[in-house]
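Look at the two complexes coming up: chain A is in both, with chain B in one and chain C in the other.
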Partner chain A sequence: MLQTAFNGLVTGIIVTLPALAVTLLFGVLKFPNFAVGSMMTLAAYLVFALNVQLGWPLVISTAVVAVAFGGLLIAIDYVTFKPLRERGSITLMVASLGLGFVLENIARLAYGNTARSFAIELARPFRFLDIRMNREQMITIVVSTLAMLAMYFLLTRMPIGRAMRAVADNPALALVRGIESPRIIRWTWFIAGMLLAVGGVLIGMDRALEPPMGSSYLVAVFAAAILGGLGSPLGAFIGALVIGIVSELATLVIPPNYRIGIPLCVIALILIFRPQGLFGQPYIRK
Partner chain B sequence: MISFLILISTVVCFSAILALALNFQWGLGGMVNFGMAGLYALGTYSCALLMLKGGANTFFATLGAMAIVAAACGVIALVTLRVTEEDYFAIVTLGVGEMLRLVALNEDWLTKGALGLTGIPRPLGDVIAPEYYQYFLLGLSVALLAGTVWFLNVIARSPFGRIMRALREDDVVAATLGKHVLWARVRIFAIGGAIIGLAGSLHGFYYQYIDPTQFSNIVIAYAFMAVIAGGRGAHQGVIWGAAVVMVLLEGSRFMKDLIPVLDSDQLAAIRIIIIGIGLILLLVFRPQGFMREYRLQVNFK
Partner chain C sequence: MSDILVIKELHAGYGEGDILKGIDITLPAGRVVTIIGPNGSGKSTLLKTLAGLLLARRGDIVLKEQSLRDLSPPRRVRAGLSYVPQEYNIFRNLTVLENLKIAREFMADRKMRGGTAISDELIELFPELPGKFKARAGNLSGGQRQMLAFACALTVHPEVLMLDEPSAGLSPKYMTDIFDTVKKVNARGVSVLMVEQNAIEALRISDTCVVMANGHVRLTALANQVLEMKDLHSLYLGDAKEEAVAS
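So, the complex of A and B:
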């Protein structure tokens, strides 16, 4: 029971980074991006290329890919989403779906369907208060916590983070105050790219690298972001932990194959009983 | 060659029916459906299982599949009870689609999981000689496609069709005018679902063998491409869109002869990349499609 809860906590922590990316992207661009799963896959394979094929240490490969991937997403945004910006969220969602197919299959084209893993040496699991935790889980906890603290600092203390929140909150007002939204959008993609790259590596460490690895987390990521209130960074963090623990504990009663059903039920319940999520603002129409 | 043309025409017919279902839900009713793949699988599996396990004949199995998918879609539409935001609805449909595919993959006792179901009976399969059967199936598919278009045209021009377009353009205005938005949405989604069930049944009759890999998310991309290329709301346009998409898709199988160095996984990946890029290009350069929605016109003399 305690072990299951701990595993769920780790699953939830893995989901925090992509959920935060989703919520930032939604806040600034106002559409749910279905390509985030495939973006994580592609980033994880890029890290794989540096780590295994070139033999770089995993930490350095991840850092290099995270920065490069942030830049890549700015470029992708420039050719796909920028021309569609004014066309409403459905058009953007369909475009993100298409983009997801492209990115996932670039990874498949290069590395095929076989599962692969990073070059990290195996270590003996570590025991603490009857809970068994392996080294990958500890790395996940440490890395995600650091990334979360960095994001918190960025969003509350740094001008660019405050500007991002301003644009997310009210684009017109932000514009009046002299915040240029194109610049903020570029920064948002860059930060989301870094979060997704690290998230992809953590997923790849937890399981294995295969083309559908990122998209299999898509529903959980969106459930976390909706539970926390789309657009609320703190909400995404707590939402992810709740989703992780609940869906892992649920495997005690339902078959593990249907773990994805739990986030889905959470989404449905939230939409019916508290549409703005736990930490979101109620949305008033017209 | 003739036989290949007949087979591809049959594929075009049931893909066009599927695209028409999306066009009805999204193009006319403004309710986007990212769960197409899972719902399509639900239709195909329901029809096959009603025949294999339930002992129904092909006609009642098809009707049953239509009813099951329609009911599932109606329930999904109820989620919009509180939230009318299309973003959330899109995420819900995506999740439900994934879930349905997982059920097909994991419930071995019912769907035989990854092995798939074989020996699906066909309409009049034991009456018509096998060498003529493909002609019959093509005729049946064309007839059902024509029937679907006729039915959808009737709805699009009826008062309910006007409510649908009003909801698509602005649901607040429609609600202000006294229209019951939730009930209309449930009906729109359920009717679309019935059509998905029909397309799914034909899929089963055509392949006679179904497994979960036939219903990957790429089905959603085909349907959206067909609807966007054809023009949202334009029924005839959507059929042309589906025809072009499926011919390009099936035609791209011949790429193997042109580029022999690639293995089949890589070719499949390239085809999906091309589809994804095509979808984005279409949205950027031709979002209004190539044909227009039907509009009531009056000729003044």
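So, the complex of A and C:
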């Protein structure tokens, strides 16, 4: 039971980074970006290229790809979403579905459907308080916690983060308060790109690299972000924990095949009973 | 007296058709110009167009000899034009202090780079705010929100301040406070372009009164002349022109 809960916690926590990205992108751009799954896949394969094909250490490969991927997302935004920005969130959402499809198939085209893995040595699992834990799980917990704290620091203590919250709150007012929103939008994509790249690596370490690796987490990512309250980094983290633990514990009573249904039920319940999520601010349409 | 802001033949609108159909208004440096007129006559649309949120389809906006037409809203702020919208004029999910800070943080290329957002001068004008710095701006009362929005617009040291119905929906106490503050700010050299429904109170602190109706300027007159008009309310009924000629 304790071990199951712990495993759930880690499977859940692994979606913290993409959930943070979703929350940030939704806050600033006001559309659900369904391409985040494939974006993680693509980033994971880029890390694979550096780590396995060029033989760079995983940490360095991840750092390089994270920064480059931030830049890449700015470029992708420029050609896909930016021209559609005035058309409203439905158009942007549909565009993100299309983009996700394209990105996933770019990965498939380059690396095929065979599962691959990063070049890391195996480490023996260790025990802590009667719980068996492996190194990948440790890394996931530490990195996710740090990312959540870093996001919180960014959004509350740094001018660029405050400006993101301002644009999320009221874009027109942000403009007349002197905030160049195109610049803030670029920063948002850059940070989301870093989160998604690292998130992709965590998933690749936990399972294996295959083209659908990122999109298979999409429902859990959105469940976590919506449960936590879109726009709240702490919410994304707690939401990820709750989704993971609940889905894992649910397998004790329902067949594991239906696991995917749990986050969907959570999304439905939240949208019915508390649409702003646990930590979100109610969103008032202007 | 030089004119700090000149609006020439301005046309603007949202969809098809213009809401503003050729507006000419001049704001002399150091003065207060108040725009009154019936609801829907385009007053807010005019201020939005001046702030850059709406495209000027024809005509020009000149601030200190510089055309603002092709400048983005943030650049207009940097040029010295600050604006308090009629509604949604604070960031509700940010604290009061964050609201005040953010207005200046992105002004790096302007002269007031140094110093803090919250000068002694600002606290003197808005004594209620420091006690509320940590509060979420969305939790403030209507009057406090209006004061905060006003204060935010001043943190960038504008040369021209535009206020859209600053006293709307406020209690009489706050209304008096707001107009007093406008007067003090103006006394410090800031030129003011204000839209108001509470015409009498607003015109008492104004130099010039502009009456708008249906996207046109119907009348431009000295504020105290308008105050002396027998039936101020007829100005709102759209036959202001005839009225003015008659008086």
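A few remarks follow.
Here, the second predicted complex is superposed on the first by the 282 of 286 C-alpha atoms of A that agree within 3 Å, B and C clash if a C-alpha of one lies under 4 Å from a C-alpha of the other, contacts with A are read in each partner's own complex, and residues count from 1 in each chain.
Following the convention adopted for this analysis, a contact is a pair of C-beta atoms (placed from the backbone, for glycine too) under 8 Å apart; a residue touches a chain by one contact, two chains touch by 3 or more.
Remember, predicted model here, so these are calculated numbers, not experimental data.
With chain A as the common reference for superposition, the partners chain B and chain C occupy compatible, non-clashing space.
The superposition-derived angle at chain A (between chain B and chain C) is 90°, Cα centres, a multiple of 10. Within the superposed three-chain model, A:Leu175 lies in touch with chain C and out of touch with chain B [touch as defined at top]. Using the contact criterion defined above for the overlaid structures, shared-chain residue A:Pro57 touches neither chain B nor chain C, since it reaches no partner.
Judged by the touch definition given at the top, the superposed model places A:Gly71 against neither chain B nor chain C.
When both complexes are overlaid on chain A, the residue A:Ile106 reaches chain B alone and has no touch with chain C. In the superposition on chain A, contact of A:Ala95 is made with chain B only, not with chain C.
After superposition on the shared chain, chain A has more residues touched by B, the comparison being chain B against chain C.
Minimum C-alpha separation, chain B to chain C, in the superposed model: 16 Å. When the two complexes are laid over each other on chain A, chain A has residues 286 in contact with both chain B and chain C.
In the complex of the two chains, the chain C residues touching chain A come out as 51-53, 72-74, 77-78, 83, 85, 88-94, 98, 101-107, 138, 152, 156. Considering their complex, residues 159, 162-163, 165-166, 168-170, 172-180, 281, 286 of chain A touch chain C.
Across the complex, chain A meets chain B through its residues 26, 31-32, 34, 80, 83-84, 87, 89-91, 93-95, 97-102, 104-106, 108-109, 112-113, 215, 218-219, 222-223, 226, 230, 255, 257-258, 260-261, 263-264, 267-268, 271-273, 275, 283, 285-286.
Contact residues of chain B toward chain A in the complex are 26, 32, 34, 79-88, 90-92, 94-96, 98-99, 102, 105-106, 172, 217-218, 220-221, 224, 228, 265-266, 269-270, 272-273, 275-280, 283-284, 287.
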